[in-house]
Structure formats: structure tokens, C-alpha cells
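Structure record follows, encoded as C-alpha cells.
Each chain carries a letter (A, B, C, D and E) given by its place in the written order, and its residues are counted from 1.
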């Protein structure tokens, strides 16, 4: 138990003293995850909308696979990305392994299915509202998707936030592809794993609390900015 | 790249030959995760419904926190559960550390926020449909929640499946609290991490593919059983 | 059962996003009769009914029943302008209010079948309610509101999508309910229906009660120029 | 622009979950006039309109326009029995169909304001459409359907929730649209309205066309006992 | 019966545990449950009483562990040695060095990529002490020195991915599957000696620990059976561990 209190006070102390290492890895965490989030959203949100509006044949299969891929084991993603980016792999020439870029790639792969799944579920309801009208107006698929994405933007925020949470807390994949190299690819979660291995649980927890506090702060700011929970729904 | 093909063929081979070790850890994975899923659903689904129907004061904060907790770093959860269950921790006397029970506890903590968040989002739409009617009928809070949970059961399935995916692919927490003890607490993901550490990528990937295949199979079976994507929505 | 009436409304008002939907309203409703709320689109009929029923947040003033509030709430029912269909079968929709009060499933279903017959949905029992046609939905909503035999029933344009026959049947049901002591407060755009059913009229304009009186007087010699214009289907200023 | 008519319907049918909603229907619609689809609740009016408009899946038979299908689809509009409100402002709802065809935002908004005025929503422009009253929604849906000046307009009980004045205005709009060459196909339960507007009547019963003819003939001397009973508001067997 | 023992990643990755554990089961009817963790974490688990014994290779840390009263005693079991792994081409010519410290100097001079465990493990501490001998301070190194903060396997994976030098224990290296273009470039300096020790957790501090079983296991670990198994454990014909317990 003392580790728990030790962790809390250490977290507090590091935060108020703006510990340089902490600031560095926190900013790197944010940079990697936000970049991954933007890229993943650009892929996943339209994909969710597409699945909502299109009745193609393998739609149900796609959805089930997407749901299953929400559970992609990060280590496996890490391994596959590692193999692809390693010098003997197909994309080895770009020298991306053990760079933040590699971590972004892995995170994108991990959160795309999650964001797309949640987005699809949110947009499915909206689509069942809009279905008749939009079909009647002879809209193109692109127009339907655009309309859903725009009018459903509040719900999509939840999807994106879920993706953010997943990515910022992820360690298995980015450990493999980033390598947790000090001052280079070390982020909050890999630092936590490292301190855990060292047996310095208090420091690991302190970093964990910082991570959680940051995730809560991001969520609160976004909820507050967009007033998601206000009555008028858009 | 050869590791990738090696992994695929090894996965195939282990599957058809029903490799005893593979069967054992796969079943343990399923047992731990399904138990965690049931417990987490029993907590999270009513919680999601409660957040949908109740306008208590800190509701918005609760939702933001829940969203943030979706990103609870597994290692941190693992550490906290470890500290609680450790012999020197408050629940040490139960001797739960390094048992499947400990792994279940950790997974429950990790997936409750995820399931509750997705459930809340799904039920919010339903509640905005039902709001006037249920208020008019002078229903109790419990009745409202029950109605939402029942009539929204299809959408809740997606929430539960997301939780399943998250739990089955999780490694950071169960590694810390389960200890990855052979024949005892070793599951698919911890085995993957182990093989990765040994540099046996082909075997690690093979296990990963088995895991993914299982997740997809579970999803397909459930989609098919419940016909989630059929037209009549319930 | 204690007396619910008179219902006394004092300066009550509903505001939403800065806009006053209806009010301030002062009104006193006695135990008997059918009150018909009429007025142009957007006048606030729906808002007034919701205010009286207690499902709109009251921004100012008071709505007071003679009995205590919990009891008053239990003894009312409401038929919405756009009926809400539970994602269940027609039978389960009808049985739902009974199940809420603890009636066992078998009894509730039997009752549901009786009411399905009464509102003309006898052959739709097992169909999903969300697949009903517009008129069928209104019938379902009506049956679901009446099944608990409420003492006060609010109806918001309950016959807007009904065919001639169904309208006649529903009017008969409503009339006999009123005769059996159910207090009805309803809105309609069908002046023929208003004349046939109303014992008293509340004429709304711009969210305020513009005129009010016994039905005969109101329809035969309206007090205000606006009411006259409204009844003629003219511009109401 | 090529000719859309005649519209030829041969043995067309809509089935949903095993139940025949409407059909088989054989019908030929010519270029001129206002066709009024009437019939009891659940007769299949909505289903027939959707079938003709092409948004119901056709389970059997054919619906053929004289022009090619893509063009036909572009030149139609539909006002639903329960209007669908986009989660946007009234103005953006009205502008939406124009924006779809590539009209720039400024022009589309200006047009939207013109139509808001015409349907009587001039002072609701910036309000969220989902907060409109029942009647206001119908007005919005009507404006949104007319703003692209469709050649064929389907209306499913468009005046069910309108007040007397609004109904008169809408009927005037519809009549002038018909005079300007827009082909109207609509359903209603208001036989007064049917008489005022219809040039031709299609009487549906149990999903089938039971009777059909010029409006005058149909209303003055219906061919079948069922049509007579329906017009009287009696039980239709 | 069962007993929980925390071991370091390098011990487990060597593959020796797969030989010893079944033998113990057979001989003692004792199931040894291995917790494979970092050195620090292993000591931590012992201190908290969550395991019954630990097997690590970090002498100073072990002595601190004993000094704090967390263990009853320290029993040396066996040793292996650390080796330097690097690109097959050995760009820094570390293989030509006369000592381990010189090998490191050569790498530093060439600024060839070097992966350090960076996790305070026994291996990491040994590496740091060698830099010290070479009169170099890793804190001042620039980009070529990568402190990865990971277990032996993960660090080897990273080195393989970067084609970098790395210090590993011989056993982990030989048993490692993802060798890439790496090869053993330097070994043999006596200073690379790597002693593994067994430490039963102190039952005075944690009454529930299975101290008698831990002693029983210790007895087996220093037995002739264990001696034979350890000395005979080979990969590709190479001996990995040398039994050196005082019997």
C-alpha cells in the first residue's frame, strides 16, 4: 500500500515541479497519440459511416471482423509492424523502426477498428433516422456519409475519445516497434513498464497517475468545449 | 517476412493438430476473459443505463471520467491490483495473487469503463426515444433502466463484444497480476509476450493468429446467433 | 382515492433554450368534462398539455393537483402527438403499463389483447410496434394510455392520422371514458371533432390562453376577433 | 428533359418480413393531375407511395418511368407521413436538397429563406429543426420537398397536423404547383381535402387497389360497396 | 506441493528452466511456478512475500535484499558469462579487443549503435560497471547509445532491428530466435563472469512463505542431479551454465 501513496505523492511532486523527464515523455506520448488519433479518425470515421450507409454483401462479416479486431493483441500488432519495418522487411528501406513514426503506425492499426466500430454503432442509429429522407433525395453514397458524419459529430467524438484512451494507454505494440529508447521513443506507458520491471512501483504508479490525469483532463476539456451532454444534441 | 508466413503455417499446424499446450492456454484465455466479461457486464451495463436515465449533478463529470478510464493503462491497473492482492497488501490474506482470479479482477477493472461508455452511448439514443413515454408513465428509475437494457439489448451486445475484445487481447495487467506461470496463469497473450522475448517471432505470431481467429469466431457466432444486422432491430 | 381536482395552474410557464414555449398560464380545471385545447401550429398546445401532465420542466409558476403529487402522477396518462413505440410487439407495448404496476405477465397480456381489439389492432398483436403504419401507431398509443384506466387522460391530436371509421370509434371510446369519469384534456386541429367532443375550449395563441369558455358559446359566438378568424381558417394576428 | 410519364406499374409488390404491405399493383399514371390515394389505416397508402417513389424494395413486378431511372429519381420528391428532421437548423434543412445538387451555400440559404416564408416558418429559420412542433415539421418537410421544384411530388398525409389556415395555404401551394406542371400523388384521411384537390382517386383496401377513377365520379357515385362504406366512415369489409 | 520462484528474464530465456522445472517435479514432486520478471521486480516480489524464493544475478542488489532482512541467505548456484553481440561485420572491430572494457571503448570510438538494457537489471549493472572500467560515462554519449529500458529479449529484438551492439548473457543469446544479422563478437574476459544465486524469502518477515519447500528446492538445486543437468545443458553444442554451488 505504501507504494500507492508513494506513487500519488510522487506524481504530485513531479507535476508541480514540472520534472523535465516527465514533461519530455508526456509530450512525446501526446504527440504520438494525437497524431495516431488524427490519422486513425480520418480512416475510421468514414469507414464507420460507409458501413452504416452501405448494404454490400460482406457487410456483416466486415462488421464482425472489425469488432473482433478491436481485440487485436497489441503485441501481435507490434510484431507485424516490426517485421514490416525491419531492415529485412518490405518497408525496411525507410528506416522507420524505433522511431515515433513506427509507434504512430502501430497505434493507428490498433485504434482504427475501435473507432470505426463505435462510430458505426453511433451512425447506425442516425442512419435509421435519416434513411428514408436521404434515399428519397437521391443522394450519392458520399453525400450520405458526409451528412451522417456532420450531423453525428457529437457521437463521433465519443468514438475518437475512446480511440485516444486506447492509444495513450497502450504499451505492448509501441514497446516492440519503438523500443522504449531513452530520449527518443520513451513514452509514458513504456516508462511505466520499465519502472515496473525495475521494481520501482511507486514511480511506475506516479507515471500512471499522470497518464490517467492527462486522459481525464483531455476528456473534460473536450466535453466542456463541445458541451456533448447539453440538451440540444448538436 | 518469413516469420509472418512461418507464423501462419505454424498457427495452422497447431490448430489442426490440436496442440495440447495451445488448447490449454486458449481455454484458460477464454475462461478468464469470459468470466471477466460476465462480471464486467453485470456492472457496466446497468451503469451505462443509469447514466442514460439519470440527470444527477456530476453526471457529465462521471461520463468524462468513464471515457478517460477507457484508456486506463493496463500496467497501472495491474500494479494497483498487485498492490492490493500482494501479501503485504490489504487483501493479501486471500492469496489471490498469481491466480486466474487475480487476472479476472484486473480485466474487470479494465473493461468496465469501456463497456459502460459504449453502453451509455447506445442507450442514450434509445432513451431520447423513450424519454417522454417513460416519464409520462411514472416509471421508477429501476424500471427505466430495465426497459432500456431490454429493448437495447442488441446494441449492448456490441458493447460487450468490445469488452471481450479488449480483455482477450490484453497483456500488461494480467502479466503483472497473473505472473504468466506455466500451466497455471499462462494465457494466449502472455505466451505471445514470452515468445516475443525469446525472439521466436513465428511462434508468437502463430499464437497471435490463433487469438485473432478465436476473437473473429466468437464475434461471428454471436452476430449470427443474434442476427444483429438483420433489419427488424430487436 | 382522494379527489384530484380542481387542478390549479398559476402563472406556469415552460421555457426552452431561451424561448417561451407556453405561458404564463393561469387555469383551473374541474373534475368533469372534456377540455379541448385548440390554436394554430406552434401556439403551444403540446407544450401546455405537457406542462399540465408534469413532464415539461416548469420554469415559473405552479401546477397543483388537489391530491398529492405522486398519486396524481400515477393516475394520469398521455397520448403523444408522435406516438412513441417501444421496440417490442404490439401486445407487449399494450401490456407494458400494466407490467409496470406489477400485474403478472399472463393477466397483462390478456388485457392487452382486449384493448388491441377495442382500438382495432386485434390482428396485429404479434407484429413489432415499430413496423406499424402511422394510424396504427396512434391506435396503439391510445390503447396503451387507456389500459390503466387513468383518471385524467391527455391526448395530443390523437386522431390526426386515423381514417374516418377509426376516428368515429376512438371518439366513441373517448366519450364513454369521459362518461365513466375520466377527465379528458385534448388538442386537435379538426374543428368538427372539437365541436363533437368538447365540453369546454381553451384557445391558445402565441403560447398564451387567448380565450376560454364552454364549447357551445365558443364555437357559436367566439369572443375575440382572433378566435373568429381561427375558426374560419383565416390569418390569426 | 425527357418525358417521365406515363408511369407504368405492373404487378408490383412490397413484402416485408413475410407480410405483403401492398400489391400486386397494376397502375398507369399520366402526366397531369393530382392523384389522391385513400383507404383505411393500414390499407397500404404509405407503402404504395414508397413503392412508386422507388424507396421501397420491390419484391415482385415492375415500376417503370418513361425516362431513364436515374433521371426519374432526380426529378421526384417525397413528403413523409412522419417528417424526418435533419439535426440542423430550419434554414439548413431547407437548403439541404439544394446543397446536394451543388448550389452554393449563399444561394441555397437565400432560397431556403424564401421557402420558409412560403410555408409559414419565416420566423423559425435559425431554430433547430428537431425542436419544431408537429405542424411546423410538416411545413418544413413540404418546403424541403418543393425547393428543388420536382416534376413529381409524393405527399403522405401532408396536412394531418396542420391548422386550418396552414392547410388552406398548403393546398393553395399544391394547387399552383400542379397547375405549373408538377405531378402530385398524395394520400389523406381528410375526405374534404381529397374532394378539394383530387383529379383522380385510388382507393386502397388490404394492400390492393380496390377502386380507381376520376375524383368526381368516385366521390359522387362510388362503384363498390366498400368505397361507399369508407366514405361514410363505416366498417369496410 | 508448489512453490513460487521469481527469476530474471535472462535465466528463463536461456531455456534452462525448461529442463530443471520438470526434473524437480519428478524428483521432489514439487511444482516450481516461475515468475519471469525484471531483476528489480524479482527482488520486490521477494520483499513483499509474494514469492517463496528468487533466483537472480545482481550481487549488490542481492546483498541489499539480505541486509533488509528480506531473505534468509544467499546460495550461489551456477554462473555463465556475458558476451558482446554485434553486427556480423563487426564495424567497430570489438572482436579484436583484448578486454571487455577495450571492446566497449572501440564501440564508443566508432560510435557504432549500442543497445543498453537501461533497466537496472543485473545485466545492465554489469554493463555500467564495464563502461566505468573503460573510463567512459554513458550519460555523456550521444545518439548511438540507446538505453532501451527493457528485458533481455526485448533489448535483443531492438538490437537485431537496429543491427546494433549489445551485451547479453550467453544463454539468452544462444537461445534467442531473432538473431537477424547479429553475431557474437566478443567473449572471454573473466570480468564477464555472471553469478546466479538463490535466495529464499525470510519466513520471519512473511509467515506464510513456504520456507521448508524453499530449502528443499535449494537442496535439490545444489544436488548432483542438478549439477549434471546444468552442466550438460547445451545449445548448438555449447555449454551455457557452469554449476559452482558449494555442496
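We adopt the following convention: a residue touches a chain if its C-beta (ideal position, glycine included) is under 8 Å from a C-beta of that chain, and two chains touch if they have at least 3 such contacts.
A quick map from chain label to UniProt name: A, B = ABC transporter permease; C, D = Sulfate ABC transporter ATP-binding protein.
Keep in mind that what you see is a predicted model, and the values were worked out from it rather than measured.
Undergrad: Which neighbours do chain A and chain C have in common?
TA: B, D
Undergrad: Which chain has its C-alpha centroid farthest away from the centroid of chain C?
TA: E
Undergrad: Which two chains does the highest number of contacting C-beta pairs join?
TA: By contact count, the leading interface is A-B.
Undergrad: Quick one: report the Å distance separating chain A from chain E, using the average Cα coordinate of each chain.
TA: Chain centres of chain A and chain E, defined by C-alpha means, are spaced 36 Å apart.
Undergrad: What whole-Å value do you get for the distance between chain B and chain D if each is reduced to the mean of its CA atoms?
TA: 49
Undergrad: Could you give the separation in Å between the centres of chain D and chain E, each centre being the mean of its C-alpha atoms?
TA: Roughly 81 Å separates the two chain centres.
Undergrad: Two-or-more-chain contact residues of chain E, please, as numbers and ranges.
TA: 151, 154, 157, 160
Undergrad: Where in chain B do residues touch two or more of the other chains?
TA: Only 3, 88-89, 196, 201, 232-233 qualify.
Undergrad: Which residues of chain C are in contact with two or more other chains?
TA: 17, 131
Undergrad: Considering the complex alone, what residue numbers of chain A touch chain B?
TA: 1, 3-4, 59-61, 63-65, 67-76, 78-80, 82-83, 88-90, 114, 117-118, 121-122, 125, 128, 155, 158, 161-162, 164-172, 176, 188-189, 192-193, 196, 201, 204-205, 208-209, 211-212, 215-216, 218-220, 223, 228-229, 233
Undergrad: Quick one: in the complex, what on chain D touches chain C?
TA: 16-17, 19, 39-43, 46, 81-82, 120, 124, 127, 131-136, 139, 157, 160-168, 189, 191, 230-236
Undergrad: Contact residues on chain B for chain E in the complex?
TA: 3, 86-89, 92, 95, 97-98, 179-182, 184, 194, 196-202
Undergrad: Any idea which chain C residues touch chain B in the complex?
TA: Chain C residues touching chain B: 53, 55, 73-74, 76-78, 80, 84, 86-88, 96-97, 100, 128, 130-131.
Undergrad: Please name which positions on chain E make contact with chain B in the complex.
TA: 4, 9, 13, 21, 33-36, 48-50, 151-154, 156-157, 160, 175-179, 206, 208
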